[in-house]
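Chains here go by letter, A, B, C and D, matching the order in which they are written, and residues are numbered from 1 within each.
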Amino acid sequence: MSGRSPAEPRSAYPHFLEITTRWNDNDSYRHVNNAVYYQYFDTVVNQFLIENGALDVERSDVIGLVVETQCRFFSQVSFPSKIHAGLRVAHLGNSSIRYEIGLFRDNQSSASAQGHFVHVYVDRTSNRPVSLPSQLKTLLTPLLTAAKEA
Amino acid sequence: MSGRSPAEPRSAYPHFLEITTRWNDNDSYRHVNNAVYYQYFDTVVNQFLIENGALDVERSDVIGLVVETQCRFFSQVSFPSKIHAGLRVAHLGNSSIRYEIGLFRDNQSSASAQGHFVHVYVDRTSNRPVSLPSQLKTLLTPLLTAAKEA
Amino acid sequence: MSGRSPAEPRSAYPHFLEITTRWNDNDSYRHVNNAVYYQYFDTVVNQFLIENGALDVERSDVIGLVVETQCRFFSQVSFPSKIHAGLRVAHLGNSSIRYEIGLFRDNQSSASAQGHFVHVYVDRTSNRPVSLPSQLKTLLTPLLTAAKEA
Amino acid sequence: MSGRSPAEPRSAYPHFLEITTRWNDNDSYRHVNNAVYYQYFDTVVNQFLIENGALDVERSDVIGLVVETQCRFFSQVSFPSKIHAGLRVAHLGNSSIRYEIGLFRDNQSSASAQGHFVHVYVDRTSNRPVSLPSQLKTLLTPLLTAAKEA
């Protein structure tokens, strides 16, 4: 694992969402299962978009398809901890967005896990890539930071 | 559905836990999937037990096995709503506990769903029923209410 | 638990679906979590409807809303077992259907868990109950059996 | 997304496991949610280890901790499709294993998604890295292939 970038501090993320863990997030090892971290990723990204009017699941003509996700795990989390999910935007492309997410347990100062989540925007009927809506770019620009992750 | 008891108010429950919904709680109908409600049930029960020292997953000699659960659904809930999970104890038996749970969406005054969750306490090695530990009975007695559900 | 009906044999169910378990179906007790059983219920019902042309999630004008589910647990199941989900119809009402499901582990002859799942059919726009489509009644009549469960 | 390696054929994977999809694998977009793909990853890896005697969740002294996972998504999958999960080993280190997984829908010849899953073996009590057990190396060597993924 040489060459891995280290766990980041909370200050690396401009936006946070609190997520509660659940009894069955823990798997047979009694820690939150690795797949569940991606539920947290999905939640912080989509809740930000929905609450800011940039995504209406029933009506939006263009939607973000997930084309790549990655997560690196630094320390274990167990129910009933709370998760603080930090979100930043590392890249706003013509039709794609690279989000980076850090997950912090309770009062922990460095991330338990961090990773990325790439959306490509497509027309919902044709499924072909489209330019990012300008409203979305305006919304995300304040979350755009110099990427910290390799 | 004639004969169903109606959705209850928050006052029917002495204890509450806030649970955050997740993007993928919603299924193809864009509402929280029925199976996910039982994740909320499990969470409010076990978090109460863990935070009050009545369950240590690694070390407890006796544990509660789930022998029956039920849920009735009154109104739909969708991500990104918050859930307030109300908990009461309807019956403290010799070796079993019947919990009743009501799930309330955001500021809603009547339950979106309500149901029950029955634990039978067993010895962890033999898997045979045991009497409820006295510490557990003491903890749960304040949550014991006249059962409202049929 | 006196008065509980006993675990049923496979012959109590006219239709079966094989479902594979997953690593994170197991919770901290290293058995399939109770909420996951309802994922199996949902799957056997909806897969039967979709594969027989009675449900098109994108286009059906009327859909089944889940109004009540229940499960009783008899013996534990753990990943990597296979589940054989048995399905029957206990009641075909004017606008509702009561399905009953038994879950059988690997080569086990009696159910590990059994329960019910009630759909009320509604108009998708108005959300008001409608009569069951005649195609659906025709499809389900062969699964209609004398209810075995209390 | 320039520079992405293309979707691979089934021949790129020496071992396969069939996994059944579930109704609630589909999210609001009516396709299998991205986080669920990692449940499939976890399942193909751990089922291989358990069925070949290389992992006993209750008793193994050393276990694999997940330190990194990644998935790239090429085409959508929806319930009730079946998944054929292909598995290979890209790297057997001193204490770590890099698995690579391709997920194929029904009779599809190229992967719907592919990614990696890195285990570091640790002593279960101290949580410190240990050398891979020789039994495990022997088991995995036949799955070791020239890595195809960047």
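Simple rule for what comes next: a contact is a pair of C-beta atoms (placed from the backbone, for glycine too) under 8 Å apart; a residue touches a chain by one contact, two chains touch by 3 or more.
No experiment lies behind these values; they were computed from the predicted model shown.
For the pairs A-C and A-B, the count of C-beta pairs in contact is higher at A-B. By residue number, over half of the contacts seen at B-C repeat in one listed pair from C-D, B-D or A-D, namely A-D.
Taking the mean of the C-alpha atoms as each chain's centre, subunit A and subunit D sit 22 Å apart. Averaged Cα coordinates give subunit A a centre that lies 30 Å from the centre of subunit B. Distance between chain centres (mean CA atoms), subunit A to subunit C: 34 Å. Along subunit C, residues 23-24, 26, 28, 30, 33, 35-36, 39, 42, 57, 79 each make contact with two or more other chains. Contact residues on subunit D toward subunit C in their complex (touch as defined above): 18-20, 22-24, 26, 30, 39-40, 42-43, 45-47, 50-51, 57-58, 79-80.
The residues of subunit D lying in touch with subunit A in their complex are 1, 28-29, 33-36, 38-39, 41-42, 57, 63, 65-73, 76, 96, 120.
Contact residues on subunit B toward subunit D in their complex (touch as defined above): 23-24, 26-28, 30, 33, 35-36.
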